[in-house]
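Consider the two complexes below, in which chain A is the common component and chain B and chain C are the respective partners.
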Partner chain A sequence: MFSKKMLIVSLEIILLVVVFLLIIWPMMSLFIWSIAETWYWPNTLPQKIGFEYWKQALGLQKSLAIGAVSIVPAFFLSLMIAMIVVVISMLIAIPAGYALAKYRIPFGGFILFLFLMPNAFPQQPVFVNLLHIFTKLGLAGTVQGVILVHILVGLVFGVWITNATFKSIPPHMEEAARSVGAGKLRAFFRITLPLAAPGLLASAVFVFITSLDEFTGTFFVGLPFVNTLPMTLYSSSGYNMQFASVIAIILLIPSILFMALIQGVLKAEYVGGMG
Partner chain B sequence: MEAKNSVRREFIFPPYLLLLFPAVVFMLLMYAYPFIASFTRSLIDAEGNFSFANYAKTWELYLKDILFTFAVTVFSTAATGVMAVLLAVYLRFSQSFISKILSGLYKVPIFIPFVVVAQMMNSFLAPHGLLNIALAKFGLINIDQPLQLFNFTGLSFGFIWKMIPFSVLIIHGGFQMIDDSYIEAARTAGARLFKVITKILIPMSKSSIMVALVLVYSQIVGTFTLPYMLIGGKSPTTITVDIAHRVNYFRDFGVANTLGVFSYFLVLFTAIYYLRSSVRKMAEDKLVQE
Partner chain C sequence: MPSLRLVNVVKTYGKSKAIDNLNLMVEDGELLTLLGPSGCGKTTTLRAVIGFVALESGDIYIGDRKISDIPPEKRGVGLVFQNYALWPHMTVSQNLAFGLQLKKMPKNQIRKKVAEGLSIVKLEGLENRYPRQLSGGQQQRVALARALVLEPDILLLDEPLSNLDALLREQMRFEIAQLHKQYGLTTIYVTHDQTEAMVISDRIAVLDKGRLMQLGTPWEIYSRPANKFVAGFMGTTNFIRGKVEDISGDYAVVRTNDGLILQGRGRGLQKGQEVEVAVRPENVEFLSDLQASNAPKALNIFDARITRATYVGELIDYQLHIHDSLIRAKGDVRTKQVAGETVKIRIDPDQLSVHQV
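Up next, the complex of A and B:
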């Protein structure tokens, strides 16, 4: 019996090591590249390491190296786009999520369908046609166009998460407030909204991260004029591994941080839409 | 007076219309219209006439890539499914300290955006990348002949790496819903662990496993970043990369949309399954609530 237990424990340790290596090893590749100042093949590790490329990328140090770009403008552009996208998406998503949760709606099935479709089908052909439409409207290659596309991507998640949040609030809370004379709006703002706040915040953070990391839509609608962080990552990945790795790590930090904080609130299916 | 009032009440603007209006209009203009346009534009040729010319051209030029996309997707989904079920089974049964560490560790890739995964795999799987260097170090390969992984193998590795954790999350959630008493009853009746897994655990959480597989499958078909940064224009590549090339280099929206229609067809069955099960689940939720 003792030996069987030992066998199980050693198998578990092997499993842990394998999983650990499989997950951490590719991530290490990013980290090592980001601090590799000189790395000639076939050396196992870089000959010279340092934060040269980090300094250059963060604009602390000027450089004439090929592909050396300061990512500071891209960072602020991405941040600005993400903030605008969160505000507009949530203004649209909260009422819709509320209505879908609390009312019996004619053609409700069709509306649910409309918000489920983007999860069920590839979105890239939609972005292609948005490029076609935006070109006619003069929105192609503009920040406004990119914001619209990011809202599209974020809105779907926004509506589902807010909808789930409002569903989880028992209707009798609002009814109780109304029975003691509170108006419909007052009951919503004083009772339902504060109860829903954590879920709505989670939803907003999710939309924010989605916008920060959005690649495909920006690629079609925004290039070559709107250089968000993921676009800068892509354009430097061809010839400057170090810059691409620095940007990748910078993109990684908020995703891991925020998502780790709110993962308890999120349903697995929504998390699946990441990236 | 009474009658007039009741007639008037019927014309009161229902509040949900106002609440839903912005979201629905946005989705109709920004999603439904371009979605339908993929079909209509795929049927319009370069001269603006109705024809199947785009389909003929797509078939001729990209059949190989369509099959490649399908093969990568099926392989990655199947491999993800098998490994995710095994890991979820382990997490369901083991109460050890190690399984607690693992249950936190495995989730990490879920939160890594695809664009970062793409860059990660791009440097990790490169001929001179960390994987090849380490394999050579352990004498498993000759450093002068590194593994070439910017192809089917590397792409599948990237997809599986990103998708297993998410699938484990859903499948493990399904396993957790099964009460311990079922498993204990089977065990006391003499069922071995393997029997418990194949006769109880998997059949009882069939729907979570299906949802995981369906979502993984349809996400892989539609993913652009990873194949674009890993394989790019080399042949064979995926439909998503071909669409980007068609648009960027030729401004050929006809063939690009035809490829898009093919990618819709690749996910047709999974999409129907997903839409049906989601709508059904929501209807059930509503009934429970009322």
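Up next, the complex of A and C:
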């Protein structure tokens, strides 16, 4: 019997398969590549599997293969840069997002638009010019220079998301705090900031992931002295598919962890009461 | 409890005046309602008192203390918001305790005050709920308790019942009036609902376009409207147009174009002036045949033809033709008249008000 329920179930199965093919399959392929020690055409699966490349990447085993270097220093450099970028970006984004959301600032819309500019143009010409300027300033090839570039690229997420978050908090929330005796600052820190926390966290995560994955700017401004994880991935990807897969997976881990964190926080009790 | 005084208060938004030179005195322990249509300036006035809007000119005093140039948090004014504005990330008791903590009150005293506040609004046992776990009526009570626990000099209520359903609204009206009687806080209540204003207020200030149209007790506002706006805003009102024919004391005789002659109350009028006579439906009195034959051919007795009679349960809503004027009247359900009949009606001159056009 062909019932409505069966139709729904079969549609669900089809959807599941599509999702699997689009999202899980590429990751599976990455994982298989990362453990394939020998894999020649026309074999469907690797002839020999093992964690040789993982060990090399994590610096547990030396190898003379091209592109195979320990990625541990690059990983920590990327992590450090991303964290500094998040802190500085949020220090700029929170006041800017708040001011643009709550006060009538002349050309407010235009200012918001300005933050989009670095991402609205083709990146290569932007960063080639930036390299020129940074060279004059002595910032080319330095970690500080790379941090500045990442802030430039990430700030659009910082400012736009914090701005939207603060806009979504009704002005009555702060006014109610004023009415029970809280000054402007206290009303902000005790009422608005906790209410905005999930949105601010989401924005911080976007900045973090943007910095972790940033390629073009780092390529022009940072190389060859600043080797972040995406740079290492790039230099090995042409020669060593296994090694590139390992780095790609490692790059994915912080992103997935942070996504899970946002999910958890956004489900927190009080978000439902907002609005 | 101190009084609240507004002196020559002006607030403009662009070119339009939200508050136009308002002078108002709220007496010690009084509940005064600001009543008016939306955009009349009542909410702006309230926000000026707490300090959320800056004034163009004018001063506001609590007792002898000038508050119009100090920040909202230092004014000692409590506010209950239309949409409650409870903090969703705090429990009920945290919502109540926040203001007390800012006063640096010791912890055990805060706990006592919070319990007290919740018992005033009958919400014992909900201390640890979050606002979203409460019904609209309960949220309203929490908002009220949050303002009350701080014992403000002045309490402001901004349309506090407009988000509740009709039944609950009626119940809360009486509760707020009761609370006010019990604690005697000097209170300003803002509403656009005239029934609410009538039930709850000691005095009502009717506002229109930022100006004070009339200030008086509910009875004065309803039965002795000072002008056409107040007469039209309060309740259903029929307006009949005419010219002043004669004046004697507080009464004026008005003749309409179709020859109807009405006597009513009216001050500051001149002979020959164009006026409108306000007639409330409930003041139209249907005379029985006996009464009609006994009544001398006195003033304000008319022949009327019923053009529509609608039974609405507690009363009958009539539409009457008097000469060329069409008016609405409310009649007793026990003496039902039908459409097409001609009846004699009388309107007490004291219940008629004559206003300049």
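Just a few scattered comments:
One rule holds for everything that comes next: the second predicted complex is superposed on the first by the 228 of 275 C-alpha atoms of A that agree within 3 Å, B and C clash if a C-alpha of one lies under 4 Å from a C-alpha of the other, contacts with A are read in each partner's own complex, and residues count from 1 in each chain.
Here, a contact is a pair of C-beta atoms (placed from the backbone, for glycine too) under 8 Å apart; a residue touches a chain by one contact, two chains touch by 3 or more.
The shown structure was predicted, so the numbers you read here are calculated from the model rather than taken from an experiment.
Of the two partner chains placed by superposition, A:58 touches none, neither chain B nor chain C. Within the superposed three-chain arrangement, the count of touched residues of chain A is higher for B, of the candidates chain B and chain C. Look at A:194: by the touch rule set out above, it reaches chain C but stays clear of chain B.
When the two complexes are overlaid on their common chain A, residue A:49 makes contact with neither chain B nor chain C. Look at A:179: by the touch rule set out above, it reaches chain C but stays clear of chain B. When the two complexes are overlaid on their common chain A, residue A:84 makes contact with neither chain B nor chain C. In the superposition on chain A, contact is made by A:115 with chain B only, not with chain C. Shared contact residues on chain A (touching chain B in one structure, chain C in the other): 184, 269, 272, 274.
By the touch criterion given at the top, residues 50-52, 71-74, 77-79, 81, 83, 85-89, 98-99, 102-103, 130-132, 146-147, 150 of chain C touch chain A in their complex. The touching residues of chain B, counted against chain A in their complex, run 14-16, 18-20, 22-24, 26-28, 30-35, 37-38, 41, 90, 94, 96, 98-99, 101-102, 105-117, 119-124, 128-131, 133-134, 136-137, 143, 161-162, 166, 169-170, 173, 211, 215, 218-219, 221-222, 224-225, 229, 240, 243-244, 247, 253, 256-257, 259-261, 263-264, 267, 270-271, 274-275, 278-279, 282, 285, 289.
By the touch criterion given at the top, residues 170, 172-173, 175-184, 186, 190-191, 194-195, 269-270, 272-274 of chain A touch chain C in their complex. Those residues of chain A whose C-beta lies close enough to touch chain B in the complex are 9, 12-13, 15-16, 19-20, 22-23, 25-30, 32-33, 41-42, 44, 91-93, 95-96, 98-100, 102-103, 105, 109, 111-133, 148-149, 151-152, 155, 159, 167, 171, 184, 209, 213, 215-216, 219-220, 230, 233-234, 237, 241, 244-245, 247-248, 251-252, 255-256, 259-260, 263, 268-269, 271-272, 274-275.
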